[in-house]
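When the chains are written out, they are named A, B, C, D and E in that same order, and each has its own residue count from 1.
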Amino acid sequence: MTQPWAPHLGQFGIQPMIVGTLAISLLSMLFAFPLSLGCAILISVVSRGTVSWLLRKMVEMMTGIPTVIYGFVGIFLLVPLVREFFAAGSGMCVLSAALMLTLLVSPTMILFFCESFARVPDSYGKAVLAVGGTEIQKFFHVTLPNSWPGVVIGFTLALGRALGDTLIALMIAGNAVQTPNSLLDSARTLTSHIALVFAADYESLEFKAIFACGIFLYLFTTILVMAVRLLGVGRERWAR
Amino acid sequence: AALDAFKGEKGEIRIAGGTAHIPVMKEAAARIMGLNPDIQISIAGGGSGVGVKQVGEGLVDIGNTGRTPTEDEVKQYSLQMFKWAIDGVAIVVNPANKIRSLSQDQAAAIFAGKITNWKEVGGDDKQINLYTRDEASGTREVFWEKALKKGDIAATANVIVSNGAMKGAVSQDPYGIGYVSVGHIDETVAPVAFNGIEPSMENVKEGKYPVARGLFSNTKGEPAGLVKKFIDYLFTEEGQQIVVEKGFISVQ
Amino acid sequence: MEKAVKIRTENLCFSYNGRTILHKTSIEFAEREITAIVGPSGSGKSTFLLTLNRLWEAIPRCSLQGTVAMNFDGSFHDIYREGYPVTRLRRQVGMVFQIPNPLPMSIYRNVAFPLQLKGGLTKETIRAQVEDCLRKARLWDEVHDRLHSSALDLSGGQQQRLCIARALILQPEVLLLDEPTSALDHATAAAIEELLLELKKNCTILLVSHYLNQVTRIADTVIELHNGTLVRKGEKA
Amino acid sequence: MEKAVKIRTENLCFSYNGRTILHKTSIEFAEREITAIVGPSGSGKSTFLLTLNRLWEAIPRCSLQGTVAMNFDGSFHDIYREGYPVTRLRRQVGMVFQIPNPLPMSIYRNVAFPLQLKGGLTKETIRAQVEDCLRKARLWDEVHDRLHSSALDLSGGQQQRLCIARALILQPEVLLLDEPTSALDHATAAAIEELLLELKKNCTILLVSHYLNQVTRIADTVIELHNGTLVRKGEKA
Amino acid sequence: MGEVRRLQEAGVLVFSWLCGVLLLGAVIAVIGYLFVHGWRSISLSLIFGATPPLDALLMKRHVFNGLFPAVVGTLSLIVLSVCWAIPIGMASGIYLAEYAGAGTKAFLNLFFDILAGLPSIVVGLFGFSAAIFLNRLFPGSIHPCLLISSIALAFLVLPYIIRTTQMALEGLPLSARLTALSLGASKLQNITHVLLPQSLSGIVSGVILAIGRCAEDTAVIMLTGVVASAGVPRSLFSHYEALPFYIYYISSQYTDREELATGYGAAIILLCICMVLFLTAFVIKRQVSYHALYRA
C-alpha cells in the first residue's frame, strides 16, 4: 500500500493518490464551506427582493454548470494564471484543482443551505422579530439551529462530491504519481487514478490496485457519512 | 474504388486502444460512414494496453497498439497483428524554448528528475516541467525502452493520457518537456533532436532515428466480415494515403 | 385627569393584496391604560396590532399609508420614519399573537430568548427573570420540572401563557395582546387579568378580546373596529 | 329518559414520554347530546379528544392502554381492535382542533378536501355542500368572493370557522370540538352555538370549552377533567 | 455589549457580501471566458458539420466534425437515466419517510447516504466490471454501451432523489400531518393529497439536481461506453458520444485551433442545454405546486 506506484517494478502502492485526494478535497472544502455559508446568508438573510432573487437564480444556474466546463476553463484560464502568478511549476497542481473544485461544490451547498433555512416555519421567525431580534439574530438563533441537519447534509454531499470528483483533478491537477509537498505540486487523486489505469488489465495486480482505490474511496465516504451523522444527530435534538 | 467493398454492408465496428492511431482511424471511419450510413464505427482511445485487453476480452473488434504486442499477449488472447504504419517517438518542447537538441544522457537525466533546471542543458534559468504518458501507453513503452534505455521516469512528472493531449500540454507550458508520436508533431510544439538526429519522417524512414516503432491494429483471432474489410481498407492505396496524410510512414 | 398619549395613529390605511383592511384610522391611546379593541372576527384587529410594531412588513404584498407615532422618553417618534431602529421598537413594544407561536426550543430558552438576543446579562440574572415571568404568567408550577423539554409539546393554553411570559421578559413599554386568554380556563384567565392590572402601572396595554366580561372588568377604554376604522366606544367612569 | 350511550371508555390510560395524562378513565357519552369537557389548562382535555379518533398514534413516543368503544349502526365497536378501519373511524368522528389548522390550499379546497378524499361525488354536489357548510359556519359572506385564495391568509377567527366547516362536510356522527369559538366574537359564537344545537339532532358532540356561560347555555352534560380522570359534574334538568 | 453585537453584525454583513462578490466574479470569469472565446464558433455547422441538418435529423447521413451525435447521445443518456431513477427514487423516498419501521429506516438511511457519497468513478468502475462480467456470460452481445451507462448513471442520482423526497416529507410539521388524517384521509391519501404537494418543491429540486448530474457526468460514462467518435447511437447497445466527454477529449487532444474552437462551442452548447433543462424544471416546479395546492 505504501509503496510507490511503479507497475513495471511490480509495486502498486496507492498512498500518493490517497494523500493527493485528501489534499485537494480538504483544501477545496476549506475554501468552499465559508464561501457557501456566506453566500447562503447573503441570499436568505442579508439581501432582499430582486438582489436576493437574482443571486439565487445565479446560484441555481451554477449548479447546472457541468464539471467538465470547470475543467475546460481551468486548463485554459486558471492553470496559466497560476503558472504565471507563482512562477513555479506547470500550473497543474493541487491549488488549481482545489480552486476549481470550490466553484464546483459551492452552488449545491448554497442551495442546500438556503432550502433548509427556508423550511424553518415562518411563525418562528416572526416570534423572534416580535421580541426585537434583528434579521441576523433571527438567523443565528432560530434559522441556523433549526436547519442544522440541512447544513450538515449539504456539507456532506459537497465533501463527498469533492472527494469523488474525477474530472477536475484529472484535467488540471497534473496526475503525477507523487505525494504532493506543496500546493503547487502536481498530484493524482484516487479517482483520476481509476480513470487513468482502469482498463489496463482485468486480472492483473494493477487492476486489483484500482479496485483497492475504489474501496478506499468507498471507505472514505462511509466514514465521513458516519461521522457527520453522529454530529448531525446531536444537533438535531430540537428540530422536529 | 477501395470503398466499394463497403457498399450494402451493415453493422458496427468498435475500435479502441493506441491514441497515436486516432487521426487515421477517424479519417477512415469518416470516409466509410460517409459512403454508407448503415455502418457505424466507434473509436475510443485509452492507450495501447487498453487496446490489447479490450480486444482480448471481446469488448471491441479492433485493438490498436503503438508497440508490438508481447508474446504473452498474443498467446493469451490469440491476437492477429496488422502493422499498417511506421512511426517514431520524439521529445518535444514548447516552441518558446531555445533547446532543440539533447543527448541520450541528458534526456535520461531530465526524465529521471536528476536535471531539474533548463540552464543545466543550456536553456533559461527555469524549472523543467516534466510530462509523461500513462502506464497503458505504447508510446511511453517505446520511449522508455529505446530512448531512456529503461531508465527511471520521475514521479514528479505530470501524467498525460494521449498523444494529442501531450502535444496540447507541452504547447501550453513554456518550460515543459514531453514526448509524442512523430506523426502528431506540428508547429505548436518543437521537436528535439535526439543524439543529434532530427526526428523527421525521413530519418525515421531511413532507420537513422532510433526511437521508431510500428502502428498495429489487432484482432482476436482471424478478422471476419466488416472488420476484415476495414483492415483490408487500411492496406489499400487509399488507406495508406491517409496514413501518409496524417504524418506517418506507409508500410508499402 | 386626562392621561398623556402614548400611541397616536394618523390616517392609517392598510391593505392586503389591494383589499383595504384599515381605512384612514386616526386614534390615540393613553399611557398606562388598558385599551380593549373589539370587533367582529375578520375585521382587522390583529392586523391593526401588526401596524404598531411594523411586523406586517414581513408579510408579502401588503401596503400601509399614514403615520404611527409613539411616545418614548418623553417625545413622539414616527416609527415609520426612514432609518427608525425597528429592532429597538420591537423590544419596547411586546406582542402576544392570537395563535400561540412558541419557538422550537426548550420552554426555558423560549422565555430567555429575547434577553439572549439583547445580550449583556449573566446566566443567573436571566434565570431569575425567566422564573419571574413564568410565575407571572401562571405557568411556573406546571413546567418548572421540565423547563428543558420542547415548548412545542405544551398544551394550547400552556403555549399561550408561555408566549405571554416571553413578551413580558423585556419589560416593554407597550404590550399588544391578541386574545391572550382565549385558551385559558376561568381561574387562570382571572389571574392573567390581575397581572395586566398590575402591569398597567408601567405599561400601555392594547388588548384584543372577544370576552365581553373581561373587557368590562379590566379595560379603561374600549375601542371598536368597524368597517376599517376604530371608534371610541366607552370609557370607565 | 336515559339516552343511549354512544361512546364508552374503559380504564383509559394515556401518557406522553412516560408522563401520565389520563389515568384509568372510564366514562360514557350519551348519544345526541352535547357534553362539555372542562378543566384547567394543561389537564389533558385535548389529549382526551385525540384518544377518541386515534390521532395520537401519529405523535411519537406516547402510549395508550384501555379501550374505547363506539356505537355505530346499533352495535359497539372497539376502535382499538386490531384491524379496525381507522380511516372510516375518522370520517365518522369529526374534529376541530384547538389551534386552527387550515391546510396550505385554497379556502374552497380546504372544505372540499374531505369529500375529495372520500371520492365518488360530482363537482356540483361538492360545490353545493361546500357552500352549505361555509354558510353553517358563518363564513360564507366573508369569503365567497375569494374562495380560491389561500386559507392561510385568513384571520384567526376565520380560520377557526373554516375548520368547523371542514369538520361538518362529512356529516360525522360524533363531533370533537376543541374550544371551537375561542377566537370568535360574541355574535358569531352565538351563531355557532345555534348551529351546535341544531346539529345535536343527528350527532353526538363533545365540546371542550372554557367559556362557562357557553357551557351552561348549551351543554346537556358537563364533565370535568381533573388529575387525569373525568368526573361527571352536572346535568341539565 | 450592544457595540460588540453591532460589530458582529457588520462583520457578518461584510463577510456575506464578500462571498457573494467572489462567487459572482468567479462565475462571470468562467462563463465570460467561454463566450468570449467560443461565440464565434457557434453556427449550424458546429452541430451538423458539413451534413445537411435535415438529413442528420432524419438519420439519413452521419455527421462528421459536428456535435450532433454528442448532443443526441447526451440527451438520450439523460432521458434514459431519469426514467430509471425517478420512479424508483421517489417510491423509495416515500417509503422511507412514511412507511419504513425505525430499524429499516436507520439502516436504509445509512445505506443511501453512503451510496450518495459514492464517487461517480466508482459507480463507473462497477458498471464497467458488470459489463465485463456480462460479456463473459453472454460472449459478444454485451459490452459497455448506452444502456449500461444509463443504468450506472441512474444509480448515481438515485440517492439524490430518494433523500430529497424523504427530507421534504419528513420536514413537514406535525400539524400538517394530523389535519388530513383527522378528516378521514387514509395514509396513502394523506401522502398523495397533502404531504407530497407540500413537499413538491423539495422533490422537484432533487430531480433537477439529478438531471443536471446526468447531463454533465463524464466519469461514469468514461468507463461505461462513451467514445471519442461513434456517430448517433442506433440502439441501447451501441457506443455513443456525449458532450461532456467530447469537451474533455478536445480540451486535451485538440490538434489545431479549429478543433479547439469546436470544444468551446461544445462547452457553450452543453452549458445551454443544462440551463434550458433547469429553466424548464423551474417553470414546471412553479406550476405544478400551484396547480396542486390552489386549484380544486
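Details
Criterion: a contact is a pair of C-beta atoms (placed from the backbone, for glycine too) under 8 Å apart; a residue touches a chain by one contact, two chains touch by 3 or more.
What you see is a predicted model, and the numbers here were worked out from it, not measured in a lab.
Note on connectivity: the fewest steps through touching chains from subunit A to subunit D is 2.
Relative to subunit A, the most remote chain by averaged C-alpha coordinates is D.
Put simply, subunit C has to spin 180° for its C-alpha atoms to lie on subunit D, with the angle rounded to a multiple of 5. A straight line joining the Cα centres of subunit A and subunit C is 47 Å long. Separating the centre of subunit C from that of subunit D, both taken as means of CA atoms, is a distance of 30 Å. Look at where the CA atoms of subunit A average out and do the same for subunit B: the two points lie 36 Å apart.
Among the residues of subunit A, those in touch with two or more other chains are 75, 134, 199, 202, 240.
For subunit E, the set of residues that touch two or more other chains comprises 132, 174, 251-252.
For subunit D, the set of residues that touch two or more other chains comprises 99. Those residues of subunit D that touch subunit C in the complex are listed here as 16-17, 38-42, 44-47, 98-100, 142, 149, 153-159, 161, 178-179, 182-189, 210, 212. Within the complex formed with subunit E, the residues of subunit D that make contact are 53, 55, 58-59, 87-88, 90-92, 94-95, 97, 99, 101, 103-106, 108-109, 112-114, 116-118, 148, 150, 166-167, 170.
Looking at the complex, you find that subunit A touches subunit C at residues 122-134, 137, 141-142, 145-146, 238-240. Those residues of subunit E that touch subunit B in the complex are listed here as 59-62, 64, 131-132, 135, 139-140, 143-144, 227-231, 234, 238-240, 251-256.
Looking at the complex, you find that subunit E touches subunit A at residues 9, 12-13, 15-20, 22-24, 26-27, 29-31, 33-34, 37, 110, 113-114, 116-122, 124-126, 128, 132, 163, 167, 171, 173-174, 202, 205, 208-209, 212, 215-219, 222-223, 244-245, 247-248, 251-252, 263, 267, 270-271, 274-275, 277-278, 282.
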